[in-house]
Each structure stands twice: as C-alpha cells, then as structure tokens.
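What follows is a set of structures to go through.
Two complexes, one shared chain (subunit A), two partners (subunit B, subunit C).
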Partner chain A sequence: MASSIIWYLREFVRGEWISRFFTVKTPPLITPPHFRGFPILTGKECTHCLACMMICPTPNAIEVLRTGDVWNPVIYPGHCVRCGMCVEACPEDVLSTGVILETQKAEHTSYTATFHLTIDPVLCKRCGNCAVACPVNKEIDPYLGGTGTAFSDEVIMRISDGEMRVIHPEKCTGCKTCEKTCPNHAIRVARVVEGLQEAGE
Partner chain B sequence: MKAVQDLKNAVRSRSIHVCYVNVGSCNGCDIEILACLAPRYDIEQYGIYVHNNPREADILLITGGFSPQWEDKLKMVWDKIPEPKAAIAIGNCPISGCVFNREGTYLDPPVSKHIPISAEVPGCPPRPTEILAAVLSLAPVIFKDYERKDE
Partner chain C sequence: MQEIKDMVCPFCGCLCDDVTLEIENGEIVATDNCCAIGNAKFLGKNRLKNPIKKVDGKWVDITYDEAIDTAVDILLDADRPLLFGWSGTHGEAQCVGVHMNEILGGVIDSTTSVCHGPSILAIQEVGHPGCTLGQVKNRADLIIYWGCNPIEAHPRHMSRYTTYADGYFLDNAFRNRKVIVVDVRETETSNVADEFIRIKPGGDYAVLSSLRAILRGKGDMIPDSVAGVTKTQLIQVAEMCKTCKFGALFFGVGLTMAKGKYKNVRNAIEFVDDLNRHTKFTLTPMRGHWNVYGANEVMSWMTGYPYAVDFCRGVAFYNPGETTAVDILARKECDACMIVGSDPAAHFPHSCVEQLRDIPMIVIDPFQTMTTTLADLQIPVAVTGIDAEGTAYRMDGVPLKVKKAIDSDYPSDTEILTRIYDIMLEVKGL
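Showing the complex of A and B:
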C-alpha cells in the first residue's frame, strides 16, 4: 500500500510527466507552406486586365485598384474563400499563394475565358443602356448614340432595326457593366472558362 | 492579492467554455469546429470545452450569414451567456455573407449588427488552427482581472 503511494508520488514529480500533463501534446499549430492562404502580391507588374476579378467566385473579394501610377489587386479577407483561382487566372503572375504558381509552371496549365452575351427579347426594352455603358464599345466607337445605335460594325452590340443585336461577343472582357445598367435584367453575361494544359516536352 | 488574481487569471484562461451557434451556414465552418474536437487538434488539452449551452458558456462561436429566422433569437442566446463573455465570428459568412450575400437573398450579414463581435476569423472555412488561435488569444483578454472591472 505505502509503496504504491510512494510510487505514484515519485511518478507525479517527474519533470517529464508534469510537462506532458500541463502542456499540449498534439503537433504545433503551424500552417504548412503549401497550404493556400490569402493571395499575396509577388511584385510583378499588373496590366489591369481584370482576369482575377472575372474568375473570382465570391462577391467583393478582389478589386484591382490604382495607387499612384500602378494598378494592383487587393484581396479582402472577410470575403475571399482562398480558392486560388485569381492566382491561376492571372497571366502575369502578379498574385501568389501556396504552391499554385510552381505547379502551374511544372504542369503547363492555364485558363482562358470567353464570355457569352444573351439578351432576353421579352425583357429587353431596347433602351440601349448596355451598348452605351459598355467600356469596350466606347473605345471602338466614341460617337455611339445615346440610344445605343452605332455606325461602326466593330462594336460588341448595338441597336439596329429596333432590336438589340450582339455583333462581336468575342470582344467582351466580362466586366458586366451592361448587366448592372440594364433596368430589366434582360442581358446576361455568362463566363466560360477553359482550363488548358500544353503537352510537356 | 495580486498573486491570487494572477492565479485566477491563469486558471480561467485554461478553462474556456464554448458554445457554438449556426445562424444559417452551409455547415463547412461547423465541420471545422468539429475537427478541433478530434484528436489531431484536440481542443480539450488547451482547456477549451464545448457545451452548446449558452448558460454555461464563456465564448460564443457564430457561423453562418444570419438568416432572418435568427433576427430575435440570436440576441436571446447572447443574453443568456453569463459575464464575462465574448463572441467570435467563424468564417466569412458572419463577416460579409461570402458567396451567399447576393442580390435577392434574405441574409442580413454582418452578425456584428446584431450582437457585439470580439474577434473575426476569416476563411471559407477557416482552418481549425485559426479557430483555435482565435479562441486562445481572446480568452486571456476577456478573463483578465474580471472582478476588478466593476470597481
């Protein structure tokens, strides 16, 4: 009896036992470097192509803002889901997280995005707001009419013969300004993203 | 008295009782909280106990983007927690609504509009390590010298 108590007392005063009893036994709380965190800037020059904003699945998670003379993407942690799509979509490797850039380089993968414009003829009231608001249209034909009519055949969309017609959907950059300005939600911009992998050497 | 107070602080910051409430999340963050209980992270060795009873809790973990059914109920849960107490927003949803905060939904984020939030853990979902670090860093602050607050 007494020897057993003494054995226990000796066991409890061992330094190893005390430290094990009072401290944490699982591995330390560190994040491995290959885990995706919130994307960080690599310092390469952003060309303001907005590919990161276009591919982002969450609202308001990424914005490309200008500070001084340089454009740079800004990530908002309360919104970002850390999917890493912006890192993969960026053609200039401006952003980086985890091992995405290394994997992309090793496996020769890339994304290309095209945009499909659909206009619901029932909802569309032919106001021409979308054609006027479109920043690409504005660049191609600065003299675009306030009602959405244009003389140029090169614009993305214009009103002709009383109908809103999409002429060059391939020029769309996917900014969705038309969607926001449409009073009837008649125009929809669908993003079609293709993942490409080149044949290795 | 200072030694007694220090001892109290040390003991209390190693005995944190947690209650979690899902105010309309997709269950992703709840699963990450659950992962904290599992042997890989094992929060009980840090002295954190999950009760799911607000009357026993010190810290309320909130997941989800605040659906309209919680309009009156979350305040009730918050009022039941005895002082000292703190609420932690787990994940993007209580902070911003994340992917659910779109035009035409009934969500009402952020949760800080409804009850005071002491800490936010962004991520969709946040990692168990991040949840643990948030709880562990908040606990010593809220329990510190609690009796002396009303003097």
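Showing the complex of A and C:
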C-alpha cells in the first residue's frame, strides 16, 4: 500500500512538471494588430456627414447622435458586424478599428459615393416620416424637422402638390434614415460606392 | 393662383393646421404638407349638387326651402327621431343639433358610440391621464400604439406629433424615441416599430393585466405565454415602459372594440396609472373622425353627457347600450333619422342599415356616401375647412378655429340646422 502511494507521488509530482507549470511560456494575452474590434472614437471632430451610416451594411448598427452641440457616431454592438467599412468611409477619421486607418493612409485609398432617391407614389401615404426624420432636412429646415411643416424648398424631399417629391437629391448623404422610417418601403436610396486609390508618392 | 397658408385639414382627428392650399378660379387645385387622405378630401370632386327628395322611389330636385320644410315635417312627425353623426361638422352646428333634439325629445348620438364610446365609459370610471400632442412631441421618449395603425388612419401622426419631429427636451428625438406597436397583425406602423407585440384577437385585457402584474413585482404569477405574447417580451416591454422618461400610450378601436371593450380601456388607464408611480406616462385615444372629440365636448357641456343622449323624458338621459344609435336601430325603435356629417350605412351592422333604409332619413352631408344612396332627403352643405368655417377639436382636446378657403353657394351645416330649428320653434309655438 505504502509503496504504491510513493509510486504515485514519484510518478506525478515530478520536478519537471512542477517547474513547467509555473514557468510555462504561453502566447501573450494581447490583441493582435490585425484584429478588428467594434469601431472606437478617435476624438477627431465629427462633421455629421453621415458617410458611416451610408456605408454600413447592417441595419441599426450605427447612428450619428448629438450630445449638446457635438455630433458623434454611436455603434450598437449587438448589430455591428465589425466590417470596418464605416472607418474606411469616414473622411475625418472619427472612427478607428484594427489597422484600417494605417493601411488606408499607406495605400491612399478612399471611397466616393453617389445616391439616387426614388419614391413610389403608389406605396407612399405622404405621412411625412422620411422628410421629417431626414437629418439633412433637419439642418436645412429646422421648422420641418421640429413640426412636420415644410417651409423651405431647399430640402431634399417634402410634400408639395399632394405628393412626396424629391427636390434636391444632390444634398442626400445616403444615410438611409428615410428608408428606415418609411412604413411602406416606398422610398429607396440607391448607393453607388466606388473605391479609389491614388498613386503613391 | 392664390395661396392660403395654415389651413386646417378636414379629414382626421389630427387636425393638421399647417396645410397650404393653392386656389385657382375659386377651386382648390393643390395642397402642400397634406397626407394622401387629407389631399383627397381637399380635392374631393363627388360633391352633392342640390337638395333632392325621393318621391315614389324616384329622386326629385327641390329647393333648399322645400328641403328644410320636408326635414321639419319628417322630424316633427316622428315619435322617436334619431339625430346621428356630427363628427364631420363644426361645433356650432353640433350646438344647434342638441337644441333641436331637446325640443324634438329624440336621441342625439355621435359616431363616438361606434368608435371610442367605450374609452369614454372607462374615462368616466377611472379618469383620463392625458396631455396635449405638443407635450408628447417635446418630451416623450417612448410611444406605444395599441390597436391602431396611424400610418393608414392618421398618416402624419408619427411625423408631426410623436416620433420623428424634434423634441424641445430631447437631443436626438427622431433616433432615440422608442416605438412599441401592439396589434393583432403586422401593420405599416409595426414596420417602423422598435418592438412589435403581436397578440391574439381579444387578448388585450390579459396582456394589460400581465404588464400591470409585472410592474407591481408580481411577475411570478404570469404564465409563459399570455394571449400569444411570451413572458420574456412582456417583461422586456414592462421594463422599457418603467425606465423611459416620458411615455405616451395611444390606442385605437383595436382596443376599444375588441372583446372586453371598455374594460380594456379601463385596464389601459390603470396600467398608465401604475406606470406613473415609476415615471411619467400619458394616454390619448386616437380619435379618428375629424371633430368627433368636439361632438363629445359640445354634448357634455350642453347636456352633461358625451354621446347617446336621449331626451324622450324631457330631460337628458344617457345609457350606452340602450340609447346608442346602433341599439336604437337594431331594436327598430327609431322611426325617423337625421344624419349629419357621417356615413353610418358604410359602418353600421346590416340590420341597423336595413332599419335606416326603411325609415324616413334626412342626410345633411357635402359628399356622396353610402348613406346618401339610402336617404329620402339629401341636403348638400359646405365642408368645414373648405367652404365653411367653424370650431373643431383635435384628438387631444385642443379646439381649433377652422377657416374657410373658398366661397361657394353651399350653405353651412349651422345655417341649414338653424333654419330647420327656427321653423320647428315656430310650429311648436315656442
């Protein structure tokens, strides 16, 4: 009996095993540089151009919200798929994740985008949700954004002559807020995005 | 081309007062800021032309004087006249209607009895924790639409009063406001909701009671599923309601006319009452028919009761279920009827419409409706907000002065009713 206990102890309490247990070499617990987490703010000033919302492929993953007089993008982790396209699309480098910003700088890449707004008059109820919620409209005509009453013809779209009409499609930033607020899927924002690369120095 | 600003829309209970009309040759040719249904009413072309009377099954053209005399004869000959409708007209005409009903000893009822009548019964029992739509727009960060589909029935409600307009006390109102829709089926409104609760038809009372139990910390007693809604979702919704800063519950006939009727609304009011122990919460019925709120106000201040007022005893008597239009017609009690600014033939049960067809019926309305086809006497009038002016109440109880946009030869409801009333006084020697 005693000899078998000693045998077990000699078998399992080996000096080599004990020293390896305390001095084991595991890889360091740091995030590798190529890893992309949820985008974080870099502290640079957001200009509320909404390019991040325009490019985002996932519904409800990013919004540009105002705190006092400052705009900043807000990421919703439950929806965000960490594709990093918002980081690439932002012209002001407000967001950052992984090595995207460095790579972009090194390779001189950027995006340009054009938009095409269409409204199906058969589906449209003229409820005004899109025109009132549109963040660009809210800046151009705060009265429309605050009360639902359009005064200015400088807005992207408004209800006039009994129809929801797109008046200034060139002002659209492609953020898709209108699509999201339309209950009948009557308004569509087609986005044509091109990736550009300048010649390196 | 003449442009008139700040006109009040004559269609639904939102009473949008920011409509711009373009007038050409005395006709409205275009509207700005109006939704699809408001636009259709402003541009409506199917107006009744002149008074007509049915003689031996055929329509005969008559003058307004003859029409008024015929109306007086029909109403004074009746033992139990019913004066129904009133929601499509202005407050001044409703006042004349109540006076007329008093000398006739008839029943006056508004379209309330087939829409938000149960809401009023519940409010009479437990009160109305309400507020104006301006408060909702400027403060609310949680909106609940229960049994209603504002995109179809009140298209501008969400963009103008609740969800997407900026709020004075909110930084990102149009993005941060949460919208909960409770309905028995998916609707346009549920497409834009943050949370959609789909309940089995008739399950409103149980769901409201469950939410109240959760709020009072008695969630343990709730089964895993209540009327098709999971317990997890109920707990989540109760938490959303409890943690918001200012919530607003809007409900439609999906709640008032579902199984349980006024008890549903009573439960909803008590749910709001419970929530007010945690946060600020309000409740507003989605009044649909333009000035239906005004009809309740006028009848309340003149008779003490909001609708279904019976004057056959010489004094006002009110007993919904007995003195409401549908019940009086279903019992075939009513022997003459005057319909003002509403379309019961399109909305009443079949047996009631049969009774309307069989008794002498006067219809005072600007447009062709299903009711006008069954009438014995049609008196065309002006539309308040287009060619007549008056006072109307918005769904939150705010009275608005409604201007007229164009002049026409049509008399207003007030004018026609006053002339009928004056002759009645003369005949009765009062």
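FYI, the second predicted complex is superposed on the first by the 108 of 201 C-alpha atoms of A that agree within 3 Å, B and C clash if a C-alpha of one lies under 4 Å from a C-alpha of the other, contacts with A are read in each partner's own complex, and residues count from 1 in each chain.
Quick note on the criterion: a contact is a pair of C-beta atoms (placed from the backbone, for glycine too) under 8 Å apart; a residue touches a chain by one contact, two chains touch by 3 or more.
Bear in mind the structure is a predicted one, so any value in this text is a computation, not a measurement.
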item: Contacts of A:Asn129 with subunit B and subunit C, given as first, second, both or neither; value: second
item: Subunit B versus subunit C as contact partner of A:Ser3, first or second or both or neither; value: neither
item: First (subunit B), second (subunit C), both or neither touched by A:Thr31; value: first
item: Partner chain(s) touched by A:Ser19 [first = subunit B, second = subunit C, both, neither]; value: neither
item: Subunit A residues touched by each partner, larger count belonging to subunit B or subunit C; value: C
item: Touching partner for A:Gly78 - first (subunit B), second (subunit C), both, neither; value: first
item: Partner chain in contact with A:Ile159 - subunit B first, subunit C second, else both or neither; value: second
item: Touching partner for A:Thr58 - first (subunit B), second (subunit C), both, neither; value: first
item: Residue ranges of subunit A touching subunit B (in the complex, touch as defined); value: 24-26, 29-31, 35, 38, 57-60, 76-82
item: Subunit C contact footprint on subunit A (complex, rising order); value: 63, 65-68, 124-129, 131-133, 135, 138, 142, 145-150, 158-162, 177, 180-185
item: Complex interface listing, subunit C residues touching subunit A; value: 16, 18, 22, 30-36, 39, 43, 151-152, 155-156, 158-161, 163-166, 171-172, 174-176, 188-189, 191-192
item: Touching residues on subunit B, where the partner in the complex is subunit A; value: 39-42, 45-46, 92, 95-96, 98-99, 101-102, 120, 122-124, 127, 129, 132-133
